[in-house]
């Protein structure tokens, strides 16, 4: 099965390729994570976060995967995701190498990309891949599984497609914030901005929908409201949905405000140009309307949708959310190499 | 206070932002270093240099900051300064990551540079920054100090502005060379070449002026003689100054010759074109005129102002000066993280 | 002696510059390796390979050169060779830094390349160099040997010229494959494809010619048959040679098939365009003709000269060959730093 044929397979069928010995082996799609796996990963991340506060905790963490080497294959530029994965590798002691500029590769010599990636698998024990071609990371994991040398892949984001680790860090931040208040279940979440094309927001909505009694407010311009397929799937999961075009009305009701930016780098037809972004932005004055123990998230980078002064409010969690990416990515690496049980040795 | 407003503050006022608990926290400007701090740093660098000669010394050094991670943010290209900082981080065991190509950043998504740098501060414990915008490194340190997550910054050079670690390694080389001969004080120094625009030479002149009884010879074409503001400040410090247009006359008198190149990459009006560089260059024949225990320095890279055969003379210290950059930068890192006292444990 | 003069020296004379204390110090040319040195290196590589299978073996290996730092100077792009050297450095615990983009260097400031490389030698203990200029790596090793600070160089490939570590890993793969069957001597080898311009294949032919009783089949289009100088040298070494234009005729006779691609990136006159590559390619059907215990090698990257389905055959050794590059390069590093005897401590 070549790349084109692989893309024609049903996404639900593909998930089985990512398992090995009844465990997640490749990290590819948000669909792989049920609440039980999520909670296991979040507990691992909690332990890692705690250990990083003490020098001997850091030493211990760095010993866990010091025998492993990771290739960071980022042919789609992304400084922040790259640095977060690099930081996570360093946290658990993995050596790393990077391929970031496709023009540096040997492809001019007529090599297939399958061969090129197989070369990397020869030198490394794990591949974190961010490639602009949809499904390419998934296909390469499938392809190498059929060779004599397969290594685990982590999808670091592919085009408009999947970006599972972003969704994980978003949900992990909710998990930590609500840990002492009954958890993620039973809370009200507002998702604000571009809900149609934002990859991250679709993924976190899916993950959240697996928890009990969550209510979701979708606050977006009509042109960027949540997609019908996602809405339908939420209804099947019995999630209560409220759509709105007015952020100020929603703010007093919710426990979490998840802000997003309008993705106009994908905007071909110019429709974003006519939207009044102010209605989907958060200003210092808006904070007064919010519950005192609510939280504000944003996958970053932001533009004008959150005023910088909001950063000073204790409910602004987006910088912490960023750091949580380190811990949850490190947790994934320990899980994939089946080393998380060793955290008990500390 | 935004970047533009910060630039309007008086440089002397800014220095207070770089202190924490009465110690230097950010390394920003040459003005931060008085003779007492310089001597403390030079002693740390001496110990580091000694330790690097033995495998167990190297092991010990690498353990000192192995819990820390440094971001090398070099959006102004500079291979040699970058490699020296990287080598210094490796010497004291810090993990590193680098941002070197501004086009790889997420800035195309409309993020502010403040946010971008704050992202890096989330993943790392120290930021070494070389950015072409004057004062930008200083502003970012100030900006992050006002956030919930501040990390120490080291200025790796900014445009025509400050490059404090270069001045430190220059002075450290003088310090080591004169260690057994009464120290840096009471010596005669010739500064040769472009004294007007050379950033490094201005800084080292300032540092040196704090020591007692130094005499300075300024050997330069009229168009590139030392700037009036610097000359005035030296007079206030009671430094004895001799200006000259003739290197050969000066050579027999001095203990140190600090050569520089004409900075014609900043030369817009073409005035460098008409200068006879030979008069401000050092040739093998000139060595006979120099004191037997004098030293020759150069901040490198050089062009034709020092003939390659001069390299073979034992008084040529510029290659050693380069290596001293490793030790003094590593010393700064130990100092900033307040770990230099641990050198005694060895 | 400057670069131009150095190029005029006889290659055989140069080899003496690469020795120190009667041992190989710089790794420059395939001619440096006699059968005794090859066998010593292959035994070191065997031990390294064995150790990498166990966590404490990996720990031990990483301790061997943890006091050393390597500069990977790759101004000629080559992702796979770069990654292999990087992986080898990580295997034996060396810190690394890289220079990969010549435009990032300080050369715009008018510095000579001799000075630039000397800067790197100041910060590092070994330089692995891949530079497009023929003989430049050799010249820089020679040049720095005459300075106060010389460090070992490893030639990572220079233009059409030498690429000694590729030849070593090719021969090491033969060595391992025939280890239980009397060794490399007394076997029949087919070299297929572009034997005229392929740098790797020329080098491996030379190395192999030093072993007893090898027979070589050269299977190539007339325009790309083995060069007269190489043929003559083989005759002097009493190697039995058979030239052929027909791969299918040769396959049943040989113990090893070394496939190469037509190097049309060096092809100025367009002669490669008229050759029927199919005759010099290996298809699944061809495997039936081959001896059951023969091996298939390829220096990679490949294009169409080996059909991907051949990969599944156990005689296809080219992916293993790639991994062998890690072990033999790590072995070279231990040898050059004279640390290979420490493997016995494990």
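Letters A, B and C mark the chains as written, and numbering starts fresh at 1 in each.
The working rule: contacts are C-beta pairs under 8 Å (C-beta built on N, C-alpha and C of every residue); 3 or more make two chains touch, one makes a residue touch a chain.
Bear in mind the structure is a predicted one, so any value in this text is a computation, not a measurement.
Engineer: Based on the touch definition given at the start, go ahead and assign the chain network to line, ring, star, complete or other.
Structural biologist: Here the contact pattern is complete, since every chain touches every other one.
Engineer: Counting residue numbers used by both copies over all numbers at the interface, does the subunit A-subunit B contact come out same (over half shared) or different (under half)?
Structural biologist: Both copies touch with mostly different residues.
Engineer: Whole-Å distance, subunit A centre to subunit B centre, using C-alpha means?
Structural biologist: 41
Engineer: Mind pulling the residue numbers of subunit A that touch at least two other chains?
Structural biologist: none
Engineer: Which of the residues in subunit C come into contact with subunit B in the complex?
Structural biologist: It comes out as residues 66-67, 69, 71, 95, 97, 99, 103-106, 108-112, 114-116, 118-120, 122-124, 147-149.
Engineer: Considering only the defined contacts, which subunit A positions touch subunit B in the complex?
Structural biologist: The contact residues of subunit A facing subunit B are 55, 58-59, 62, 77-80, 83-84, 86-87, 90, 100, 261, 265, 300-303, 308, 311, 319, 322-323, 326.
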